[in-house]
Amino acid sequence: MDTPSYPSPGYLNISVQSEDFDIGLELQQLKAATPQAGALVNFVGLVRDMSVDGKLNRMFIEHYPAMTEKALHHIAGQAFQRWPLLGVRIIHRVGTLAAQAQIVLVAAASLHRQAAFEACAFMMDYLKAEAPLWKKEIGDFGEHWVEARTSDEQAKQQWKLPG
Amino acid sequence: MDTPSYPSPGYLNISVQSEDFDIGLELQQLKAATPQAGALVNFVGLVRDMSVDGKLNRMFIEHYPAMTEKALHHIAGQAFQRWPLLGVRIIHRVGTLAAQAQIVLVAAASLHRQAAFEACAFMMDYLKAEAPLWKKEIGDFGEHWVEARTSDEQAKQQWKLPG
Amino acid sequence: MKITILYFARIKEVVNYSSEDVVLPDGVETIVALKSWLSGRGETWRKLFHGSGVVRAAINHELVDDMATVEEGDEVAFFPPVTGG
Amino acid sequence: MKITILYFARIKEVVNYSSEDVVLPDGVETIVALKSWLSGRGETWRKLFHGSGVVRAAINHELVDDMATVEEGDEVAFFPPVTGG
């Protein structure tokens, strides 16, 4: 794991892995690491069973190993700078995943709910636009790389600070 | 459980209970009930161990039994009307809870992340402002009812639709 | 007309009841009129409804404002601003 | 100067390499110059870097734009817009 490039005054744990994860266990660990927390917000992304081309059987996620964790640390570091967070947990899976499998977990712990909600949405928007991961969908239609959506880039832009 | 007062084209499950809940199990059930979902967002509220008056030992949550589930159904119904949600799960605990105990779970499932994020934040803001629940903090300082925060009313107001 | 009134949280502790059935005199047909009528019971009640604290009301499990109409058989509830979540 | 170039996802499949070490001629010192130089390898490369698809670049694991400077020993990566999450 890389050293975070930004200060992270709270708890930070980032994993890029092929194995599945247990949401309940992950949130329990985040909660245990942030005993002052009053709010936990988490996002889980799942493999949808439909692609634009038809029914999807599985998904392959490629990534840039030396860069992925660094990019996720950078994103989490920005969230720690912008919101009073107590802890962050990020997991992104890579490799071959079945339909409905869990792909990504982003969780934030804070005293009050607004910081956790905003930071969690911010980190997902940045992850979608900046983390070096690529999805390939595999189905009866054959296989294709997922096209980047301009809405994901726009979602990131909305977080830009003025000036 | 009351009949929802609003249409809920998706999966909806609301509980008001004294028992604790298992976040992982709840999200697994929500996921199973919404096989098309690509995004799950959930909020968990926890009893903080500090009150404005000092260290908190436990919290007592009173509610208006005949009205609480109805109010939560109303809130979830509004979320289903405003966002393309596939499913919603809400649990609110009542009675005596220890410091760091789980108080509330609000989870939303949708195809894409934005709907789930917004609906989850919306439901929490409305729950805080409209659901008939009252917290009493108990600590070395004695006990006191928690004061409503004007920021919670403001958080609700921001969701008002124009006109 | 006869209604049931419920009290919750701090208000329940102040009035020392959790519920009561009352028969309202003619003319007491709104929440604001009901608050005034209850205030006639004495200092505790007057301070409750005319003091600095906000008292919210529900009729038959729906939040209402002061101008809402009370009808025969209604369940009226008085409580402080909510603090769940 | 000598650098390492990595290719990912669709681009890796197009060029049919995942990585290569290359020695750059004098004057090739930016990402845009590197793209032009690689385009000289033939039609596949020219279409990759000058076609309709966006090609993103990173130097030493940091996202960069076309004007970024390439230095001796750098790890340069080319990849399509990311689609994780």
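Note that the chains are named A, B, C and D in the order they appear, and that numbering of residues resets to 1 at the start of each chain.
Keep in mind that, in the parts below, a contact is a pair of C-beta atoms (placed from the backbone, for glycine too) under 8 Å apart; a residue touches a chain by one contact, two chains touch by 3 or more.
Going by UniProt, the chains are A, B = Molybdopterin synthase catalytic subunit; C, D = Molybdopterin synthase sulfur carrier subunit.
For clarity, every value in this text was computed on a predicted model and none was experimentally measured.
Least step count on the touch graph, subunit A to subunit D: 1. Look at the CA centroids: the one farthest from the centroid of subunit B belongs to D. Averaging C-alpha coordinates per chain places the centre of subunit A 23 Å away from that of subunit B. If you average the Cα atoms of subunit B and of subunit D, the two centres end up 49 Å apart. With centres taken as mean Cα positions, subunit D sits 72 Å from subunit C. Contacts with at least two other chains are made by residues 45, 113, 124 of subunit B. Contact with two or more other chains is made by residues 85 of subunit D. Contacting chain pairs (ordered by label): A-B, A-D, B-C. Those residues of subunit B whose C-beta lies close enough to touch subunit A in the complex are 22-25, 27-28, 31, 35-50, 100, 111, 113-114, 116-117, 120-121, 124, 155. Those residues of subunit A whose C-beta lies close enough to touch subunit D in the complex are 45, 61-64, 66-67, 70-71, 92, 103-104, 124, 127-136, 145-148, 152-153. The touching residues of subunit C, counted against subunit B in their complex, run 6, 8-10, 54, 58, 61, 63, 75, 77, 79-85.
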